[in-house]
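Next come two complexes, and both contain subunit A; in the first it sits with subunit B, in the second with subunit C.
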Partner chain A sequence: MSENKIIVGAGEVFGKVMVFSGKAACSDGLDIVLDAGARADVTLIVLPGASVSSRFSIELAGADADCRLSGIYLCPDGEKVDIRVDMKHLVPQCTSCQTFKGVVSGFSSVNFYGKITVEPGSQKTEAYQANHSLLLSDTAKVHTEPQLEIYADDVKCSHGATVGKLNEDEQFYMRTRGISLEDAKVLQMISFVAPVLDGIADEAQRMKLHEEIENAIRNGFGK
Partner chain B sequence: MAESDILLKIEGLRARVEEKEILKGIDLTIRKGEVHAVMGPNGAGKSTLSAVLAGKPQFTVTEGSIVFNGKNLLEMSPEERAWAGIFLSFQYPVEIPGVSITNFMKTAVNSKRKALGEEPLSAAAFLKLMREKMEFVGMKQEFAKREMNVGFSGGEKKRNEIFQMAMLDPVLSILDETDSGLDVDALRIVANGVNALKSPEKSAIVITHYQRLLDYIVPDVVHVLKNGRIVRTAGKELVAEIEANGYDSIG
Partner chain C sequence: MSENKEILKEITTKEYEHGFVTDVEQEFIPKGLNEDIIRLISMKKEEPQWLLDFRLDAFRKWQKMKMPSWAHLNIPEIDFQDIIYFAAPKKDSERPTEVDPELEATFEKLGIPLHERKALAGVAVDAVFDSVSVKTTFRETLSEKGIIFCPFSEAVKEYPDLVRKYLASVVPVGDNFYAALNSAVFSDGSFCYIPKGVRCPMELSSYFRINAKGTGQFERTLIVADEDSYVSYLEGCTAPMRDENQLHAAVVEIVVEKGADVKYSTVQNWYPGDTEGRGGIFNFVTKRGLCKGEGSHLSWTQVETGSAITWKYPSTVLKGDNSSSEFYSVAVTNNMQQADTGTKMIHLGRNTRSRIISKGISAGRSQNSYRGLVRIVSKADNSRNYSQCDSLLIGDRCGAHTFPYIENSNSSSVVEHEATTSKISEEQLFYCNQRGIGPEDAVGLIVNGYAREVLDKLPMEFAVEARKLLQVSLEGSVG
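On to the complex of A and B.
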């Protein structure tokens, strides 16, 4: 992937939203190096129907570099999604935050492999990672594998991973107000994944994506 | 009175949750315009009765019937019951992170309208209705944007229940211990909300432990529920008797 390497120079800002839709399977990824004070905001969105293998390799190579890497995957049927993240803190005082959330049903399978490496001497690093999935069928699979390799002692790092289902008390509450079970589930799914979009700075783009996600959930899962 | 005055008729109702039988033969008839209080000690089955009326899936009705406005309620889903005009004010309102009150209520109001064959409300008409009803229960307008019940105090949650009741304009309101955890001011607001919605066509079931709420919402009929059965039915004078002597002396 070295020919696709993106170098974000000192103080520069790089932003990218990658949206995958349609039936074709594809693989893609980004290889990013961040110089001092640089910032990268990357959002991956996998809409129903798309099977995607995505690899992200991020090097935080200059002090005060900051990377926000987020993703939403919506897999109602038989999609296969594979996400690999390699977040490397090479120097002190950088921050990274990863948030991946999705809804998985039918015969879909999702693999998430996320590694954070804090190299020796990279003090004052802040690195966070979260991967949360809703698993809605017995035949769908989620495999999540967070990994932290920390070789410095003055750092803040955390990771969290959950696989859960929709809350039935919430559903009953909504149904007693006349919201159908289908609509209740759609509202729950939207509220589960939508916060991932909060980090997108461009408001028009964020609202457009929000609408796209909402429609995708309604059409993909709201049967 | 004529059969057509009857809004709700429960006969021989038995219900269980998992393997435990909680309701052991309930008979209860509510006519249009009446307010019924259901009182009783902890564990009597009061909340189970309200959950069964609202259609909570975890409860299984094993015997008996419930007819609401001429329809077999037990064949209806919780949302169909809501569309038919049943409203349950929860003892413990549920928090729904990420769903704003506005978005929630818009979905609820328009789902009901759709089920009744009506056009959805315009955005302007909906927001006007929201504002009116929030004001009616004394909720600050900024709550419209808040996530449903998330971070609300006990009183705010109960007020929000009455707000939703006012928005949905039910035929039968079931208030499950709406008074628990309320201070006197909040209690008065809740009671005013309920009283203002009274009409000759509408009925309410007020479930409570204590006399307190019934000082504000005066019932036509009072039932005492103990160990899954109604052991006594009388007029509002029964409330004072319970307050004086407790539940042990009744039944």
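On to the complex of A and C.
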């Protein structure tokens, strides 16, 4: 396992997009410390075929630090994805926002563990986390553990997690307008995961990833 | 601010209302835990051999187990050999069938009248004092409908087949450390059986009182609702103020057959310890219901305000198709209290539904955690769960935590969880203060509003008490 320790200095911005594809199983992790006013934007993308175990440890160590951490996982067959996030608010006035979304089918299994810790005295913290999965087969599994540990009172923290299926009303709407069921499902899945990509600043990179994800969904789940 | 401090001072010196000790002659067995003690308890209760074997089996399992440490709690070392496992008020030899007037007065003081004519209309009570049941009211009225409501030890003698059939069918002997301990040494509790198609005409209730020093209470409750029956069951508890910690490790098992409906409500008000965290009850209980038959329904409502440490997860196993369950909880911690509480919803049957509403309130230097599991197995088609966990923080030295576990293996089922953490807004407080409502009352008002969704689910008799309790528990937390 490769451990990358990154210290983002005061007022600096760190951005990273991690894309995993191919058959090999791999594990990776990021260890980030944010100083005052620093910002980190990290996006994790797991494409079909990749079994990934990924660990993120983020410390917001200076006031006004901001962290955006997002991820997409597409697991149509037998992938095993394990995501672990440890978001620590050590000082007041920091913000963090996590969004993880994915589509899970076949025999794959996804484990998500996301913990937000607000240390004593870290007032005015804003920390949000969302983990939403679409579960498309009875042989696949999604386990999610969003955790909040809060030791300060003047904070806004929330987490939300859902594991669900595709909305049938939406499918019906599209089918009445001449879109085939397969296409409708693909469109639903794309629109489900697309918001995660919005955080990527580089437009060219974002467009490229968008295309890759669209193809992956079409080929992986569109059958 | 000075006014606030005054209120604070006044309140912190205020005593726990139910903290008195009843001076009755009691009989104890020696301290400690071994097979001989278990044989002694069993002998004192005149139990049949099968139950003694059950206890010994549990004890042997327990010896091999370790105290669980996964909870977000700081539990001091408990010396299980330093506990008296059985304490009972002595029966007056001249009036063997009547309740000791001293005990009657105790329950009267706690607001639990043991005389039927005086009792709240429509509530039958089983009053448990330390290790024995003192009195069960309205038994005749209930038996006309075929309902059995009696102390557990009596049920063992009179309905051995029923007890044997259902005992440990929901919470197996070796389920967890405290359940195993309870299975080995359990004293009294309530047994309740609602026959087929009967709607229980009154609320059934158990009231648990720990009185004796150095003892633990290990009650066992078993509720069986046969096909298409209905029962609403209430549970309340208090204990005297002491500097030592006392252990309360109960097991509650509920069996809900096809089409039956059970509502289980708890108002837990064990002594929470003083402001510095000295003393208080360790409340380590295992409560579980089995929705066995099709279309069965079980609803849990709990208001947790007492105990130094609470470790409690009332759970439902949704085995029957179309069965459903709800869990409504308000947990309040103040001063040095710790709570790790929540629920488990295990969806095994098709079209099963569950709903979790949990409201945590932490004040002082307390730690309050919600921990809940929602599991949907791959055969549980079209199941649905919705969980909402809100935490309210009062003061900057307390903690509020949320630990949900969501496991879904079925593609037609949907699980939703959301949690928020916030504090009482300055605007709301200001609004109240401006209109002449003092800070204490304002907090009480806001908290009651916040917990209302849960309080509304309580039966009427309890709702009033719970509202008051909430107010009292939070007194002294503003400032």
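The working rule: the second predicted complex is superposed on the first by the 220 of 223 C-alpha atoms of A that agree within 3 Å, B and C clash if a C-alpha of one lies under 4 Å from a C-alpha of the other, contacts with A are read in each partner's own complex, and residues count from 1 in each chain.
The criterion applied here is as follows: contacts are C-beta pairs under 8 Å (C-beta built on N, C-alpha and C of every residue); 3 or more make two chains touch, one makes a residue touch a chain.
Since the model is a prediction, treat every value here as computed from it, not as a measurement.
**Student:** Of the two partner chains, subunit B (first) and subunit C (second), which one does A:180 touch, if any: first, second, both, or neither?
**Tutor:** So A:180 only meets subunit B here.
**Student:** Between subunit B (first) and subunit C (second), which, if any, makes contact with A:137: first, second, both or neither?
**Tutor:** So A:137 only meets subunit C here.
**Student:** Looking at the overlay, does A:158 come into contact with subunit B only (first), subunit C only (second), both, or neither?
**Tutor:** second
**Student:** Looking at the overlay, what does A:148 touch: subunit B (first), subunit C (second), both, or neither?
**Tutor:** second
**Student:** Between subunit B (first) and subunit C (second), which does A:22 come into contact with in this model arrangement: first, second, both, or neither?
**Tutor:** After superposition on chain A, A:22 lies in contact with neither partner.
**Student:** On the A-aligned overlay, A:11 touches which partner chain: subunit B = first, subunit C = second, or both, or neither?
**Tutor:** After superposing on A, A:11 lies clear of both subunit B and subunit C.
**Student:** Quick one: is A:170 in contact with subunit B, with subunit C, with both, or with neither? Answer first, second, both or neither.
**Tutor:** first
**Student:** Who contacts more of subunit A, subunit B or subunit C?
**Tutor:** Comparing touch counts on subunit A for subunit B and subunit C gives C.
**Student:** For A:120, using the defined touch cut-off, is the partner it touches subunit B, subunit C, both, or neither? Pick first, second, both or neither.
**Tutor:** Touch partner of A:120: subunit C, not subunit B.
**Student:** For subunit C, which residues count as touching subunit A in their complex?
**Tutor:** 72, 378-379, 391, 393-423
**Student:** Along subunit A, where are the residues that touch subunit C in the complex?
**Tutor:** Where subunit A meets subunit C, its residues are 105, 120-121, 123, 133, 135-165.
**Student:** Using the touch definition up top, name the residues of subunit B that touch subunit A in the complex.
**Tutor:** So the residues of subunit B in touch with subunit A come to 54-57, 77-79, 81-83, 86-88, 90, 93-94, 96-99, 103-105, 107-109, 111-112, 115, 164, 168.
**Student:** Would you pull the subunit A residues touching subunit B in the complex into a rising list?
**Tutor:** Per the stated touch rule, the residues are 168-170, 172-181, 183, 187-188, 190-192, 194-195.
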